[in-house]
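To keep things simple, chains are lettered A, B, C, D, E, F, G and H as they appear, and every chain counts its residues starting from 1.
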Amino acid sequence: MDNNTILRLLQEVADGQRSPSEALSSLEHLPYEDLGFAKIDHHRQLRKGYPETIFCQNKTPEQVVAITRHMYEKKSNVLGTRCPPEIMTAVCKAFPEAKHHTLARAFTITHAAPPLSKGTIAVVCAGTSDLPVAEEAAITCEALGNRIDRITDVGVAGIHRLLDQQDKLNTANVIICCAGMEGALPSVLAGLVHCPVIAVPTSVGYGASFGGLAALLGMLNTCATGVTVVNIDNGFGAASAASTINRMAGTSS
Amino acid sequence: MDNNTILRLLQEVADGQRSPSEALSSLEHLPYEDLGFAKIDHHRQLRKGYPETIFCQNKTPEQVVAITRHMYEKKSNVLGTRCPPEIMTAVCKAFPEAKHHTLARAFTITHAAPPLSKGTIAVVCAGTSDLPVAEEAAITCEALGNRIDRITDVGVAGIHRLLDQQDKLNTANVIICCAGMEGALPSVLAGLVHCPVIAVPTSVGYGASFGGLAALLGMLNTCATGVTVVNIDNGFGAASAASTINRMAGTSS
Amino acid sequence: MDNNTILRLLQEVADGQRSPSEALSSLEHLPYEDLGFAKIDHHRQLRKGYPETIFCQNKTPEQVVAITRHMYEKKSNVLGTRCPPEIMTAVCKAFPEAKHHTLARAFTITHAAPPLSKGTIAVVCAGTSDLPVAEEAAITCEALGNRIDRITDVGVAGIHRLLDQQDKLNTANVIICCAGMEGALPSVLAGLVHCPVIAVPTSVGYGASFGGLAALLGMLNTCATGVTVVNIDNGFGAASAASTINRMAGTSS
Amino acid sequence: MDNNTILRLLQEVADGQRSPSEALSSLEHLPYEDLGFAKIDHHRQLRKGYPETIFCQNKTPEQVVAITRHMYEKKSNVLGTRCPPEIMTAVCKAFPEAKHHTLARAFTITHAAPPLSKGTIAVVCAGTSDLPVAEEAAITCEALGNRIDRITDVGVAGIHRLLDQQDKLNTANVIICCAGMEGALPSVLAGLVHCPVIAVPTSVGYGASFGGLAALLGMLNTCATGVTVVNIDNGFGAASAASTINRMAGTSS
Amino acid sequence: MDNNTILRLLQEVADGQRSPSEALSSLEHLPYEDLGFAKIDHHRQLRKGYPETIFCQNKTPEQVVAITRHMYEKKSNVLGTRCPPEIMTAVCKAFPEAKHHTLARAFTITHAAPPLSKGTIAVVCAGTSDLPVAEEAAITCEALGNRIDRITDVGVAGIHRLLDQQDKLNTANVIICCAGMEGALPSVLAGLVHCPVIAVPTSVGYGASFGGLAALLGMLNTCATGVTVVNIDNGFGAASAASTINRMAGTSS
Amino acid sequence: MDNNTILRLLQEVADGQRSPSEALSSLEHLPYEDLGFAKIDHHRQLRKGYPETIFCQNKTPEQVVAITRHMYEKKSNVLGTRCPPEIMTAVCKAFPEAKHHTLARAFTITHAAPPLSKGTIAVVCAGTSDLPVAEEAAITCEALGNRIDRITDVGVAGIHRLLDQQDKLNTANVIICCAGMEGALPSVLAGLVHCPVIAVPTSVGYGASFGGLAALLGMLNTCATGVTVVNIDNGFGAASAASTINRMAGTSS
Amino acid sequence: MDNNTILRLLQEVADGQRSPSEALSSLEHLPYEDLGFAKIDHHRQLRKGYPETIFCQNKTPEQVVAITRHMYEKKSNVLGTRCPPEIMTAVCKAFPEAKHHTLARAFTITHAAPPLSKGTIAVVCAGTSDLPVAEEAAITCEALGNRIDRITDVGVAGIHRLLDQQDKLNTANVIICCAGMEGALPSVLAGLVHCPVIAVPTSVGYGASFGGLAALLGMLNTCATGVTVVNIDNGFGAASAASTINRMAGTSS
Amino acid sequence: MDNNTILRLLQEVADGQRSPSEALSSLEHLPYEDLGFAKIDHHRQLRKGYPETIFCQNKTPEQVVAITRHMYEKKSNVLGTRCPPEIMTAVCKAFPEAKHHTLARAFTITHAAPPLSKGTIAVVCAGTSDLPVAEEAAITCEALGNRIDRITDVGVAGIHRLLDQQDKLNTANVIICCAGMEGALPSVLAGLVHCPVIAVPTSVGYGASFGGLAALLGMLNTCATGVTVVNIDNGFGAASAASTINRMAGTSS
C-alpha cells in the first residue's frame, strides 16, 4: 500500500464514501515498509496501540541503527530491548537524545509522551538478581504510558517483607511479578490481591534451575487463581500484556 | 475465627471504632472452616470475588460431596471442575439442582446469579478436540459472572476461517485461546486484536506433542505481544484470570 | 553368618575377649538371611535403628507375604508401604493383627512399640490431594517411634492459613512438608521456623507439573535455608530422615 | 578403486561388455579418495547430483583448506557451510576465486554453473534474526542449480504481511520456511499453498525456546498438511531436500 | 459463503466480469460449513488437492459419523485415520461402503477414484512393529491418488536386506521411511537413492526410546542429505507431503 | 538366495573353485526368507552365532506363532522375549515343547543345545524388583550357550551383602549387573573385579526415576572403568553382548 | 520498623508490659533495612540463628561491597559465597579483615566467633573435582559454629577407601556428602552410618551428566534411608541444613 | 597400610603362612596414598590391571603435576586425558619425557611398555569431527597394551565406504565405534561383525543433537545385538572396557 493508496482512502472518508471506522480498519491491516532485511510496521501504533519494539539481541549495531532511523524519521517513539553494550554505544552515538537504561539493558527515544493510563502497574521482584528483568518490564510499562510502582526484594523466604507491602499491592491495577529460583512469589502474591498477576520467571539460579525452567514450571503450576505467565526473562512481554490490561480502566485526560 | 469474633468486629464498625475498610481487611485475611481433610475458605468470595472451586480430580466422591455440602450450606455458589463420571453421579444424586456440563467435565450449583460484568470474553479454540478445555473455560467464565462468545475450530492451517471471525474478536474485552498440537493460534490471533489474549495449551496431539509441551512452549515463545499463558489444559485458570481482567471494565447494574 | 557364629561372638563378649562395642560393630555389618529372591536384613534394626521396610509396589502378594512372614517370625516390627489393595488383602488375611492404613496405602505389624523420641515431627501438607503422601510419612514416623502433629491444607495461595499454624510449627523438632503443583510451601514455611524442613514433592497436578517434576525443581531451588528434599511422593524417605534427626534430641525414658 | 579400475570399467563400456547404465551403477557405489582424516567422495556428484559439502564447524582451517584443495583439483564445485571467520580467511587466501557469503556463513567455488532447474524455490523467513539460516538455505539452493525467491520478515503476528506475498508464494515449486521462537509460520503458510513446505526451526529466541526446541516441536506438531521438518538451523539440509524435489520438474535446457 | 454467493460468483465468470483464475482464487479461500463443533472445509479439495481427513482419535463415534456424513453427502472421498475399534464399528454400520484397513487403523469411502500420479511412492519400514504406521502412510498415499510400493523389514542391523531392494528403491519418485528404536534407516537409505526421503519416526521401542523420541532425534540429526522428517507415528503427514511431491511429476491421463 | 543357489555355492567349494572362507562370507551376507510381514534371517546363526530372537511386544499372537513356526521348521532354536501372557499361551499351545520362563517373560524351544562356552557369566541384580530383567538376561545367556551364576539382592545400601559375594564375582568372565532407582551397583561392582561389567538400568523406581532414566544416567556417568551400558530393561541385549565376550575364551569340547 | 520502635519495644519489656518471649516474637518477624536494590535482614540472626549470606554470583562488585558494608556496620558476621575473583578483590580491598577462601570461592568477616555446637559435621567428597562444593559446605558450617571433619576422594569405584574411613564417619552427627558423575556415594555411605546424610550433587562430569542432573537424579532415587538432597553444587544449602540439625544436640558452653 | 604392613604380609608369604593368591587379594583391596586433595591408588595396577588415569578437566595445572609426580616416582606409567593446553604445557615442562597427543588431548609417560594383548581393537569413527574422541580411545588402548587399527570417516550415509572395510573389521577382537549426529554407525557395524562393539556417542552435531544426546539415545536403542554404550565423548571409558575384553584372549609372550 503506497502513499497514493492511503491518500485515496482518506479522500473517500472525506467524501463520505467510507466511514472513519471503516478507514481505520483498512489502515490497521495493510501498511508496512520494507527495509530489505526487516519489515517495519509503522501502523502498529494504530493497530496495537504502541510502536514496534526493537529486540536488539542477535542483530548487528548497523541493523538496529537502521531500523531505529526509519522509525525515528516517522516520529515514532522507539523502545529497544535486550540491547548489548556495543549496540547501545552505536545507538547513543547516532541518536544523542536516546535515553540509556543500563540495568534494564534498554533504550528509549521519545518524541511525544504517550497518553497516561489511569491505573498503576506494580512491578514486584523477588531478589536483587531479578532486577534486570523487572527493570525491562518497568521501562516498557512507562514507554507504553503507564504509571508504575516498584517493589523489590520481597522473596517468599521472608514472607513478612511481602506482607509489609500489602497496601501498595492493593492499589495496583495489574501486578507484574518477577522471580527466579523456585518462582514461588506469584502464588503467594496472587492470594493477597484482587487484580491480575502476570508472572515472569527469570533465569536467576543455578543447578536444577535449568536456566529458569524451575521457576517457569512453578508459575505454570500455581495453586493461586488470577495468574498468567510469560516466557523466561520476558519483562517486555509481561509489560505489554499488563499495559493492555491497564488501558482498560481508561487514560488520564 | 468464630462467629462471636466476627460479631464483635462488626460491632466495632457500628461503634465507629473501626472503619469499614479496616473491617473488610480483617475479614479478608482470617476466616476459614476446617473439615479435617480440607480447609474451606468461605470468605474467599470477599477476598478474591468468587467462591473456592473444587478441583475434583484425585478426590473421592465422598470428599467432593462433603466439600460441596459445606459450601452449599453457606449458600455459596459452587463450581466443580475436572469431575470424573463417578463423582458427577454422586454429586447429582446428593444435589439434584446441580447442573452437569458434560463436555466441560464440570458441575455448577447456583444460589444467586453473580453480578454480570459489562464486557464479553471470547473463548476461541483451534480444533474440535480442544473443546473440553474451551468449555471448562467457558463454564467457569459464566459462573464468575461473564458474558462469553464461543468461536470454534479456527486453526491456523485454514487462516481464512479465523479472519472471518474478526468482527466477533474485535468486540471482546479479553480472549481465551485454546490450542493443542503446535499451539500457534494465539500468535496469529494476538496480531489481529487490541485486547489481552490468554493462551491455554491443550494436551491434544500425539508423538512429539509430549502431552501439550509443544503447544505450551510455542505459546510461551510467541512473537506476538499481549499474550500470557496458563498451564496445559487449564481452562479454569484462564477463565479466572480473564474474569479478573473483564471485571476491570465494570459490572452491569 | 549363622547362629553359631553369633553365639560364638557373644560368648567372646561374655569372656571379655571382645568389648561390647566391637561386637556391635561386627553384628552391624554382617548378618542377613537369604530367601532366594530377597535378602532380608534382620540386623538392620541394630545398624540403622529400625526394621527393613517392605516397598510393596512391583512385588507379588506372595512375595510380600513371604517377606513379612520371615520378619514376623523374627519378632521384627513390620512396615509395608506403597501397598496396592490386592496385596493389602493378602497380608491382612495372613496376618490378622496387621493394621491397614488406607489413606497411606500402608500396613504395620507391631510386636513391641518402639522407644518414643522426645521431640515432635510436624507433617504439613499443602492440599487435600497431597494427603496420601503425607499419611505415608506420618505412619512411618509413628512406626519409627516419633510423636507427630498433622497440619493439613495450608497451601501458599491462602498464606493466612499457614500463618495461623505458627505456634504448632514452632514446637516441632523437624517438619516434613508435602506439596504438589508448584511446590512452594517449603520455601515459605522454612522462612518461618528454626528447625530442619524436609520437603516432599508430590505428583499432584497436571499438565506442566510433569508428574511432580515442577514441585521437585521448585523445592530444590528454594531460596530458603534449612530445606532438603527427597524423591517425588517419597513420604517414607522423608519420615526416615526426619526420624533420624528427631532421635538426636533423645528418647523418652 | 584406483584409476586403472575405472579405466577398465569404461573400456568395458566402450567394448559393449557393459551397458552404460551398468557402468553408472558401478561408479555410483564405489569410488572415494582417502585423505587420512577424511574420505572425499568425488563421485557423489554422480550419485546424489551435487558435490560433497564441507561442514566447516569443528574442523581446523588446515583441514578445510586441504579438503577444498582436493575437491578443487578434481574440478568439483565446492560449498562450505557453517564457516567461522578464521576458516573463511584461510580459504579465501588459498583460493582467491572463492566467493564469501557473509550472512550465510558460507563460501562457494564454482568451476561451472550447475544445470538450472525449471522451477523456483521460495525461501521464506519469519524475522530478521532468522536470516543467517535462510541465507544458508538460499546459497545452497543456488549452488545446487535452483532459482530462488527470498521472502523476509513475514512472522505470523502480522499475518497481513504474509497474505501480501501470496502471489509470490503461489509460483514456487517448493517452499523453505525458516522460523524461530514459536515456529508457527510453516503451519499458516502450508494452509495457503499447494506445494511442499520444508520447515526449518531456528535457534532464534531465548528462555523457553531452549535453543530452537520450541520451534522444532511446533513444526513437528503442525496441524497443516504437506509440511516436513529438518534439524534446528539446518538451512543446508532443507535446501538439499528442496533441490531434490525441484529437480523433479526438470531442468532448463 | 452460501450457495447464492457462489452462484453469483460463477455468474460473474460467465459474464466475463471475473476471469476463471480470479474465481478459483476466491473459491479457494472462503467457503466452509459450520457443524457447530467442527468446521468442515469442503473446498479444501480445491485448495490443497484432497479432502479434509478425519483424525478420529479423541473424537466420539457420534462426532466422526456426523463429520463423515456431511462429507459423504457432498460426494467427497473420505479418509479416517487413528480410528479406534469402537469408532470403526460405528462408521461401518452407518456407511456400509466404508472400507476398513485394520492394520492401518483407517477407513476410506471412495465416490470416485482420484486421478493417479505417474510416479511411485515407496513405503519402507524397518521392522514388523512399524507396520501400522507404514500402512497408515500407504493407505493415505493411495487415497490421494498414488501408486505405492511396500518394502518391509529392512532394518539396518542386516544391511544386506536393504541393499537387496536397491532396484525397487531406485524406481521410486519419493520414499517414505518408517523406523522406530534408533531410527537409523533413513540415513542409510538416503545415501543409496536420488529421490527425496521423508522419515517417519515410530514409537516402537522401549526404555530410552522415550516413545519415539530417540528415533525422532536420530532422523533430525541425519548425516545424509535429502531427508526431511515428520512427527512420531505420523504416517498420514508423511503421505500427504509425499503425495504433494509425487504430483509434481504429473498425473496419468 | 534359494536352495539351488546355496547348493551351487557349496558345489563350487567342493570343486575347489571357492575357498571355504569365501563361501562362508557369501553365506553370511545374503540369505533370508520373506514372510511378507517379516524377513527371517535363518543364516544369522552363521553370521552372528545365534538365531534371531523374537521380540514379542507389539506383535500379535498370530505373528509370533507364524515366525516361530518358520524358525522351528528350519530346526533353529527359538528364543522369544517380552512375551505377554496371551502370546505365551498361543505359543505353548502351538509348540508343546516350548519352555515357558514366567519371571523372565520369555520362552525357548531347543532342538539341540548350543555349544557351551568355557567361562561363566554372573548375572547380578540390586533388588527383588529387578529380577524380571535379570532373568531375561539369564535365560538369554543360557540359550546362547553360557553357564550363568545368579547373585540377587545385593543393592549398595547394604554394601556388606555385595562384599560377601566377592569370591563368586571373581570367578566370572563377564558380569551383567541390573539395577533400578539410582543404578549405583555397577560402579561399586566394577571397582571390585577385573572382568567387563555390562550395566542394565531397570525401570524400577518411581517419581524422579523417570522410568529408568535416573539409573541409565547414573550408569553412563560411572566413575568406574570397564563398565558399558545397554538400554533400560534390556536384559536380552546385555546377554547378547556378554555372550559374545564370553565366547572369546573358547567353548567346552 | 525504625530504631525508635525497637527502643520502645525493649522499654516495654523493661517495664514488664511485654514478656521477653513476646518481644522476641515481634523482633523475629518485622525488621529489615531497605537499601533500594536489596532488603537486608539484620534480624535474621535472631530468627534463623545466623546472618543473611550474600550470594555473590550475578551481583556487581559495588552491590556486594554495599551489602557487606551495611552488615559490617551492624557488627554482623558476614559470609559471601559464589564469589568470582573480581568481587573477591573488591571486598578484600574494602574490608582488609575479610578472609578469602579460594577453593570454596567464599569470604568471611568475623566479628565474634559464633557459639560452637557440640557435635561434628563430616564433609565427605567423592573426587578431587568435587572439592570446591565441599569446601563451600565446610566454610559455611564453620561460619555457622560447627566443628567439621573433611573426608576427601572416597568415590565408590574404590569402595575400600570409604570403608577405611568408617571410624571417622561414625563419630559425625551429620554428614554432608558431595559427589558428581553418577552420584552414588550417598547411597553407599548412608548404609554404613546412623546419622542423617545430606547429599549434594555436583556438576562435575561431562556428556550425559547434563550439568549434574545425573548425580541429582541418582541421589533422589537412592535406595538408602536417611538421605535428603539439595540443589546441584549447593554446598551452602547443605551446610545450613546440617548446621540446623547439629544444633539440636546443643552447643558447647 | 604402611610399608611395614606390606613387608609383614610378604614375609608371611615367604614363610608359607599365606598363599600368594591370598596375599594378592589383600594387596588388591587396601593400599593407597593420601595427597590431601586426592587419594592415589598405586595398587590399582594390581587390582584392575592398569594405572589410575588422570582426568585433567576441572583440575588445576598444579594439581595435575602433583598427581603425576607421585605416580611418576612410583614408576607407574601415567595417562592424562581431557588435558587442556595450559595443563599440557605445565606437564611437559615438568616431565620432558611426557608424550603429548594433540588430537586426543592426552599425554602419556611410559616407564615400561605394558604387556601386549594378542588381539587387535579396531577404533572406527563416522566423521572427521569425531576424531578427537576416537583418538582418546586409541591412545588409551595403546597405553593399556593393545594393538589398534584405525578406520576413519565411514559414516552410514555412504554405506559403501564401510562395506569396503569389512576385512579389517573382521580381524578385530573388539570394535570401538565413535559417532555423533544420529549415531547410527554402531547399528550397521554390529550387523556385519561377530565381535563385541562398544559404541561411543560424540557431541558432534548441532541443534537437536543436544550435545550428543541424539547419538546416545540412538545407540542405546540399537536394533543390532552385541552393542554396549558408554557416556558421550567417553573415548577413555570405551578403551578401558575394550582392553579388558581384549585381554581375555591372552597377551603376547
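Keep in mind that, in the parts below, a residue touches a chain if its C-beta (ideal position, glycine included) is under 8 Å from a C-beta of that chain, and two chains touch if they have at least 3 such contacts.
Worth saying up front: this structure is predicted, and the values here are computed from it rather than measured.
On a Cα centroid basis, the chain most remote from chain H in this structure is B. Two copies of one chain, chain C and chain F, touch each other, and the residues they use overlap weakly: the shared fraction of interface numbers falls below half.
Using mean Cα coordinates as chain centres, the one most removed from chain G is E. On residue numbers, the A-B interface is repeated by D-E, which shares over half of its contact pairs, out of the options D-E, A-G or A-D.
Rounded to whole angstrom units, the spacing between the C-alpha centres of chain C and chain E is 54.
Chain geometry summary: the mean Cα position of chain C and that of chain H are 43 Å apart.
The distance from the centre of chain C to the centre of chain G, each centre being the mean of the chain's C-alpha atoms, comes to 26 Å. For the pair chain B and chain D, the distance between mean C-alpha positions equals 49 Å. Taken residue by residue, chain B touches two or more other chains at 127, 158, 207-209, 213, 216, 220-222, 225, 231-232, whereas all remaining positions touch fewer. Each chain pair that touches appears in this list: A-B, A-C, A-D, A-G, B-C, B-D, B-E, C-F, C-G, D-E, D-H, E-F, E-H, F-G, F-H, G-H. On chain A, the positions that touch chain B within their shared complex are 47-49, 53, 173, 194-196, 198, 216, 220-222, 225-232, 237-238, 240-241, 244-245, 248-249.
Touching chain D in their complex are the following residues of chain A: 29-30, 32, 36-39, 41, 44, 55, 57-59, 63, 82, 201, 203, 211-213, 216, 231-234.
Listing the residues of chain E that touch chain F in their complex gives 127-129, 131, 152-154, 158, 160-161, 204, 206-209. Only residues 126-127, 155-159, 163, 181-184, 187-188, 190-192, 205, 207-210, 213-215, 217-225 of chain B touch chain D when the two sit together in their complex.
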